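What follows is subunit A paired twice: with subunit B in the first complex and subunit C in the second.
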Partner chain A sequence: MRIGSSVLLVDGYCYQSYGWKKLRPLGSLQNIINSLEAYQCDEISIIRPVRENDSIKAFKKDLVIIQKLNCMTPISFGGGIKNSEMVDLLHNLPVERLIFSSAFITENYKPIEHAIELYGHQAIQCAIPLGTLNGELKVFHSNSNTYISIESVNFDMIKELSNEIILIDVDNEGCNDGFNKRVLDCIDIDYNRLVISGGIGRKTVKFARNNDIASVMIDNRTLHSEYSIKEYKNYGGV
Partner chain B sequence: MGGCNNCLYDIKHPFGLVVSNDSCSGCDTHREKYTIDWNQKQNELEDIVLWAKKKSVTYDCIVPVIGDAEDYFVLNKVLSLGLNPLVVSVNDYFKNDIGWHNLHQLITYFDVDSMIYNPDVRVYKDLVRTSLRKFDHILLPFLTLHTSFPVHVAKQRKIPLIVWGQNQSIEQAGKFSHYDKVEMTEWSRNEHDLFSCNIDCLIGSGAQVSYRDLNYYKYPKIASLYNKGVRGIYLSNYYKWDPLKQNHSTLKFGYKPQKNHSSFDIYERAGSSVYYQLHDLLRYKRIGYRKVRDHLVREIRHGRIDKLSAIKVEEEFSKSGFDIYPFFNWLDMSKSGMKWFIKHRLSNYEHLLSNGNTQNINLPKDISKYLISGSVPNKGFVTFGKGIKI
Partner chain C sequence: MIDIMDIQGGNVQSIRNWAERLHIQTRVIKNPNELKSNFLILPGVGSVGPYMDKLKKTNFDKAIKEHINDGHRVLGICLGFQIMGNHSSEDGGVECLGLINGYTEHLKVNFSHNGWEELTLDKNNLKAQSLNSTMKLTRRRITKGRVFFNHEYGFINQDEDSFSLPISENLNKYSSTLVKDNIIGVQFHPEKSQQTGLDFLSVIL
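Now for the complex of A and B:
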């Protein structure tokens, strides 16, 4: 099982998210990457937490930061990739995987298919943010900043077009060991194609390891103590 | 997304700041202090103390100090927790007689073992010169050592715990929740203490010094720290942190505050010949405000002054001048070099280059009750504390 870390990038600066509601500043992306590499992090997800007010200018600004990254660890990148032209802009970036969310949710498959042509099926990840609204688990649609029902998402196409699916527990993002295992029930898929994120703590790592989940993405907590990934690996028996 | 409605910070804060619903991450995090179960926090701290005592063979912990009021508070807490500390200090060569008094008083009053590291002055001055030239900063070499030397000592002497006072990134910008219990990391050091300017940035095209002279300026390999089981904690995650009140309470231990024309805070960094002089001027140049703003924001959050009054107080203190010439003498800079530096690097601040005083600034009683008349230093830039002058 891989143990990775996710980082939120907004306007070239990194932030931490608490429960998908509150942002706190974090720091420069390169400094963060340097430490995650030193911690022997298996992969790093750089996510732009964009909403409907995202612009191509902001997208390009973030790409410049990523292009300059000095990093040996595999990087996944996503957030706001809405069309094939934006996929083309990702060429020559030091990233291994591309993450799509709203494109899958709105069944806007053109940019995804274009990305498959350019980078291959193995490079495609689908991020499904899930949160509880009025006691019911729902999918968060980032571009429209609203929650929609799980049933309205075409999981068959997600399974077909993406290599891995990232299930994000938005309610517990930033909380230690708060990951809600109910989010795993929203999709019928082999766990070895699943990546889980949001409230990952040491116990969740152990649970993921015991259930052969492909990867866990630890959010805010990786930089809270020195060499933290090693702690997670030791505890989870990874 | 501009400034905070409550305090004086805006999103250009050097640590980064998020403003949402007109309130900044620093103010939001400060509010946690009123809802946290501090007894629970005390229990968590006691667990760490037990862990350290079980693991230690000589000293239980290191307390890195500069002789500040906060160091007195921290050391007192550490001793009351039953820990056996080694006090470690790095000579910044900027102390005045008050600074040395405070450092020696700290060690003798609490009767603790100590270690003072005096870095090679030649190398240190070279690094200060480069730091000034490249980054408009004169404390980077000291901060580099202050945040790495105690970690080297902990690793070499197998001391499991390093106890720091406040986590500035939380206290000022609310970068983490108190519940996160963030610990000392190399990342935090680079991001918050050194502003991404580590020792590699100060050599090469800068100071012509050998790598072997820089051993303690570099942070130890974190894998080796992990193997040795060294960790560092911040006491501000475990106590309801209130610097002005805490620092005032250290007077009973013999701490000597210093009269200050740049801020009402007579406690923080008392005993430094540069902190409220050239260092504060360069801070003003780099980030657009002086240290007094940090002090006022802190007091706004503690409810001891309102925002409008704080703005007026900041305006008043911002008129005070800086005496920068003693620093240049310490740096062995020629008069023509000084003139060149002022003309080309401080041209917009020449009106502040006089040791002008500020007088009769009205402060709310809630602040002034913690203030006394600070001492005036007799001698600046005392290289060593025990009478040796080179």
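Now for the complex of A and C:
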């Protein structure tokens, strides 16, 4: 099992989210990456938490920052990749894997298929944010900033086009060990293709390890505490 | 000086960062005529069909063969390694460069292999190969640590005279590291393997 971390990239700076409602500034992306690399973090996901008003200008501005990254840790990047032209702009970034969310949810498969052609199927990750609305678990559609039913998502295509699926518990991001295990029931797939994120603490790491989950993304707020990834690796048995 | 092939389909910047951390000068080449150094890196992110098409379209396929025939070294990473074999089952079956006797097939055991595995490479075991290691960046002969894999296809080596290490106990029919004279192929991503990746480069150069 891999033990990674995720950071949100907003206007060129990194943030930690709390329940996808509050953002805590962490600093520059390179500094965060340096810290995580020093901890021998297995992988890092950089996510742009964008909505409908995202622009190509803002997208390109963030790409400039990522282009300059100097790091030797596997990086996944996503957020706001809507069309094939945007996929072309990702050429030569120091990134191994691409994360698509709204494109999968809206069944906009062209950019995903184009990314497969350029980067290979192994490079495609699908992020499904899930949260509870009126007691019911729903999928958060980032682009429209709304919740939609789980049944309206075409999971068969997600399984076919993506290599791994990142299930994000949006309610519990930033909350230690709050990960809602009901999130895992939303898709019928081998756990070894799942990455879980949002409220990942020691107990959840142990749970993930015992259930052969591919990877866990520990909340980045841990950067602000006396944190050693070795401790988490110990819980993960790796 | 290291040349890095750029056919618009790989993480070239990661490879530059990797080599430059060891203070090795790099040059990104988009045209085979620019190939001058005695060490060429073939980056590997993508799928084999489009990758081979681009190699042929740019004439890099011939340039790589000439480079090797001239006794210079090539390091293929992940897909850059797989395309040096005879053929690959990816994209409905694609003929590759045929520089190493072996082929690529979809991993039989797992759907894909994404993660870290242990690697121990002792340079003494490469003595049978004409590796022509010249840069002498380190006197150390052993690389030991963990390396990062991200692939759905694996290379099956059929060249008995080559040096080959398996990926892991679970994936032991697939090569993690293969050295055949001046050809080096690695299924893992040394450029994303933190300190072990740096150690690996300093040993093989």
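Everything below uses one rule, namely that the second predicted complex is superposed on the first by the 234 of 238 C-alpha atoms of A that agree within 3 Å, B and C clash if a C-alpha of one lies under 4 Å from a C-alpha of the other, contacts with A are read in each partner's own complex, and residues count from 1 in each chain.
Quick note on the criterion: contacts are C-beta pairs under 8 Å (C-beta built on N, C-alpha and C of every residue); 3 or more make two chains touch, one makes a residue touch a chain.
Just so you know, these numbers come straight off a predicted model, no measurement behind them.
When both complexes are overlaid on chain A, the residue A:25 reaches subunit B alone and has no touch with subunit C.
Of the two partner chains placed around the shared chain by superposition, neither subunit B nor subunit C is touched by A:161. Once the two complexes are overlaid on the shared chain, A:213 sits clear of subunit B and of subunit C alike. When the two complexes are superposed, the chain touching more residues of subunit A, out of subunit B and subunit C, is C. When the two complexes are overlaid on their common chain A, residue A:153 makes contact with neither subunit B nor subunit C.
Once the two complexes are overlaid on the shared chain, A:121 sits against subunit C while remaining clear of subunit B.
In the overlay built on the shared chain, the residue A:15 is in contact with subunit B alone; subunit C does not reach it. Residue overlap on subunit A between its contacts with subunit B in one complex and with subunit C in the other: absent.
Interface of subunit B with subunit A (complex): residues 15-18, 20, 25, 28-29, 173-177, 180-188, 190-191, 196, 222-223, 225-226, 231-232. Residue ranges on subunit C touching subunit A, taken from their complex, read 6, 8-14, 17-18, 21, 45-47, 50, 79, 110-112, 114-116, 148, 150-152, 189, 191-194, 197-198. For subunit A in complex with subunit C, the residues that touch the partner chain are 1-2, 37, 40, 42, 67, 70-75, 91-97, 116-123, 163-164, 190, 192-193, 214-215. The part of subunit A that touches subunit B in the complex is made up of residues 13, 15-16, 18, 22-28, 31-32, 34-35, 38-39, 220-221, 223-227, 230.
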